[in-house]
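Each of the two complexes below includes chain A, the first together with chain B, the second together with chain C.
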Partner chain A sequence: MSIAITTQIICFTILSLVIIVGALGVVLLESIVYSAFLLGGVFMSVAGLYLLLNASFVAAAQVLVYVGAVNVLIIFAIMLVNKKEDLKPIIDIKSRRIISTSICLTLLSLLIRVDLTNVWSLSSPQKSIGEESTIRIGEHLFSDYLLPFEVASVLLLMAMIGAIVLARRDVMSKDISTGLPVDQELIEKSSEPLLTNKN
Partner chain B sequence: MEYGLDLEYSFNEFLKGFGLSSEIIHIIWLPLPMLLVLVAAVVGVLVTVWLERKISAAAQQRIGPEYAGALGVLQPIADGLKLLVKEDIIPAKADGILFTAGPILVLVPVILSWLIVPFGQNLLISNVGIGIFLWIALSSIQPIGLLMSGYASNNKYSLLGGLRAAAQSISYEIPLALSVLAIVLMTNSLSTIDIVNQQSGAGILSWNIWRQPVGFIVFWICALAECERLPFDLPEAEEELVAGYQTEYAGMKFALFYLGSYINLILSALLVSILYLGGWGFPVPVELIAKFLNLPINAPFIQVFTASIGIVMTVLKAYLLVFIAILLRWTTPRVRIDQLLDLGWKFLLPISLANLLITAGLKLAFPQFFGG
Partner chain C sequence: MSLESIPIQAFLIVSSALFCIGIWGLLNSRNAVRVLMSIELMLNAVNINLMTFSSYVDNNLIQGQVFTIFVITVAAAEAAVGLAILLSLYRNRVTVDMESFNLLKW
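Moving on, here comes the complex of A and B:
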């Protein structure tokens, strides 16, 4: 066995262990902040797996999008609303946990079954394109995958408009949640910068 | 274009003489460039710290460090030693694990980004295909470390500083990436080597700064904002937030933040010089000079000479930019947070988008000037 293959196997083992343990931690840990940071670790390790598969562009995109944007936003949101309060104890938590565990285990067994029955090896030995993959991804995105690409951007636009509507209540005449008319004066007062009021 | 020194090849040939297999040689070779670049980065930080002290002193009509070594050149080493032997304090109510992991997460991506900084045709750690994209991806990890240390300190100022840092770096990453994209469009490649080679045609005249003046300014402003340098040092604004996310840090953990910010500054300066100022290129192409002097370009002596000129030029351009950054820090006031976000989202983002569009148009209209 050559050194390169040994290194690959070691890296793969470490990465998959980190992914499994990290993902379990995300679900099972009590502290939501730890869960969020562990999620970042899991995303990083997935990027590492992509690197092992010679997909360096996908790995970098994974880091940029999932770690740099999604995870940062999650942590950001947690920190903005992080109130230290005791949550109300949920009644019959035990039976709920049993049900969710059994559902998860069923899903896991289904996935294992898929893994075992499906034939994963490619029919013909294909050459790895390596560094050229960036160009190929671009070509595919602007030809046969153009529609999904554009639909995804429409989805993002919708999310953005929704966020703006939620954040800027003053553009609406009615309150979104209660349906009552909005007191415009109050909103204008609160949206003015503090410094201009002090004369 | 395959010329220049290939140290790895010569190293291989040298060790093969001792009868070692090529795999073993590769393992021996691997850490060498990394170590070299790491040492270069740390020495660069020491120099920058000294420059910062001296230039700030000059800007404020003081003398600055004077007694440690000639002109105070040993002052940064004294600073480093002091931080090294200081007690490492973790506040009683802080979160120990996150408190320790935060500074590491800030420093490691910055150091990893040095992977793609070329000092010559073959003088870089790894010519990865995704090149400059790797830097953009890695620099997006940093806010997590900042948020982590801000949260773990269990201090209002730290948390605010961490949140500000994350918000700032998210907003300025987008125009930064867009202005890099314009360069990539002209080069047809993400690799830093290709980006420099594309600018090497006619010396100073073919540098990207003439073809991308708007991109250059946008990139420089965004790079300063990403480094949290004044006028954009809101995350650690002393008058408002004590020291932002680093308020509770002391000793070596504080030193990691310190190192990280200065390494990041040098890295940004290096990348500006690579993307816009011709990288290792001399203002007059070295090949032209060699032809003029009737010297063979492939002779070993000339090769060593051009390689050292390349390193000197890269470092010189980078330090010129570092000088400008230091001068900016000590002469400009800090922007407010709303001004910062306004500048990022309402000015730099539309401008860099327009710049990208115009670059694409010019590339199609004048392929010989804008990389066909």
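Moving on, here comes the complex of A and C:
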């Protein structure tokens, strides 16, 4: 990359601050809509980090897939299920919070210790292919990663069909118990919950 | 200070912090949509790790970038199926509170 090192460090600092603060906002904010939009910001900043790492193709894929598809899907899901409800208080919420926070902090300190103490065998920057990474990714996808590439298309098809089957309403032409044709106008009306709360 | 490039540890620490924030959100969220968002955060942390190693350790073959492409694919499929499951759960129980999804509790 031909950017000066000072500029790179400034960009990296800003991007990582946005990532960490945005991720904290995603998990801590009260309103789920704000969380969803902050998540979009986090995804964009991660794409910026990829650009710093000389990976323009993956950065573009990140913006297209995560911000353009996943984030929009999450916002749609929020729109469909967003209902103000009074959550039942949990009895031992405080001990749960303490335990989960300590587990996360322990894991974080362990990971940071590994990051800092391990001696990484870095390759020399002269061998870097830099901006030609898009060409190299294409070569990989159609030579040694051809089978995973094709399996990924089957996976996407399965996910698409599965999402349609799971999310649609059951529309039946005749009533199961009586055998009479069903009035189709009734289906879109609000129905009683099929499962009641077990407790 | 004469650095040639950003140290690899900086990227790794950012991704570690992002992963731990994702785990915290996964454990503590009441809203099921927020749980899915936390999973996406964790997947992004893993992607940053893969990209960093592909750029610093394997900068000629860049197999990590190919892996990241596959992870992005699987994450998109996971989000679609997860949100579809969430919608049908909401249709059946009229809530997205994680504490009320206790049919499989022993």
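One rule holds for everything that comes next: the second predicted complex is superposed on the first by the 150 of 199 C-alpha atoms of A that agree within 3 Å, B and C clash if a C-alpha of one lies under 4 Å from a C-alpha of the other, contacts with A are read in each partner's own complex, and residues count from 1 in each chain.
Following the convention adopted for this analysis, contacts are C-beta pairs under 8 Å (C-beta built on N, C-alpha and C of every residue); 3 or more make two chains touch, one makes a residue touch a chain.
As the structure is a computational prediction, the values presented were derived from the model and not from experiment.
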Give one word, clash or fit, describing how chain B and chain C relate on chain A after superposing. fit
Return first, second, both or neither, reflecting whether A:Leu108 touches chain B, chain C, both chains, or no partner chain. second
Is A:Ala69 touching anything from chain B or chain C once the two structures are fitted on A? First, second, both or neither. both
First (chain B), second (chain C), both or neither touched by A:Ala61: both
Answer with first, second, both or neither: which of chain B and chain C does A:Glu131 touch in the superposed model? first
Counting residues of chain A touched by each partner, does chain B or chain C come out ahead? C
Considering only the touch criterion stated at the top, classify A:Leu80 as touching first (chain B), second (chain C), both, or neither. both
Taking the superposition as given, does A:Phe37 touch the first partner, chain B, the second, chain C, both, or neither? first
Gap in Å between nearest CA atoms once chain C and chain B share a frame through chain A: 13
The intersection of the chain A residues contacting chain B with those contacting chain C is 57, 61, 69, 76, 80, 193
Complex contact set, residues of chain A against chain B: 2-4, 33, 37, 40, 44, 56-57, 60-61, 63-64, 67-69, 71-72, 75-76, 79-80, 82, 130-132, 134, 193
Touching chain C in the complex, chain A uses residues 5, 8-9, 12, 16, 19-20, 23-24, 26-27, 32, 35-36, 39, 42-43, 46, 49-50, 52-55, 57-58, 61-62, 65-66, 69-70, 73-74, 76-78, 80-81, 83, 85, 87-88, 90, 96-97, 100-101, 103-105, 107-108, 111-112, 115-116, 120-123, 125, 127-129, 133, 136-137, 140-141, 145, 148, 152, 155-156, 158-160, 162-164, 166-167, 169, 193-195, 197-199
The chain C residues in contact with chain A across the complex are 3-6, 8-14, 16-25, 27-34, 36-38, 40-41, 44, 47-48, 51-52, 54-63, 65-66, 68-70, 72-81, 83-88, 90-97, 99-100, 102-103, 105
Can you list the residues on chain B that touch chain A in the complex? 23, 26-27, 98, 128-130, 133-134, 136-138, 140-141, 143-144, 147-148, 150-151, 159, 162-163, 166-167, 170, 173, 190, 338
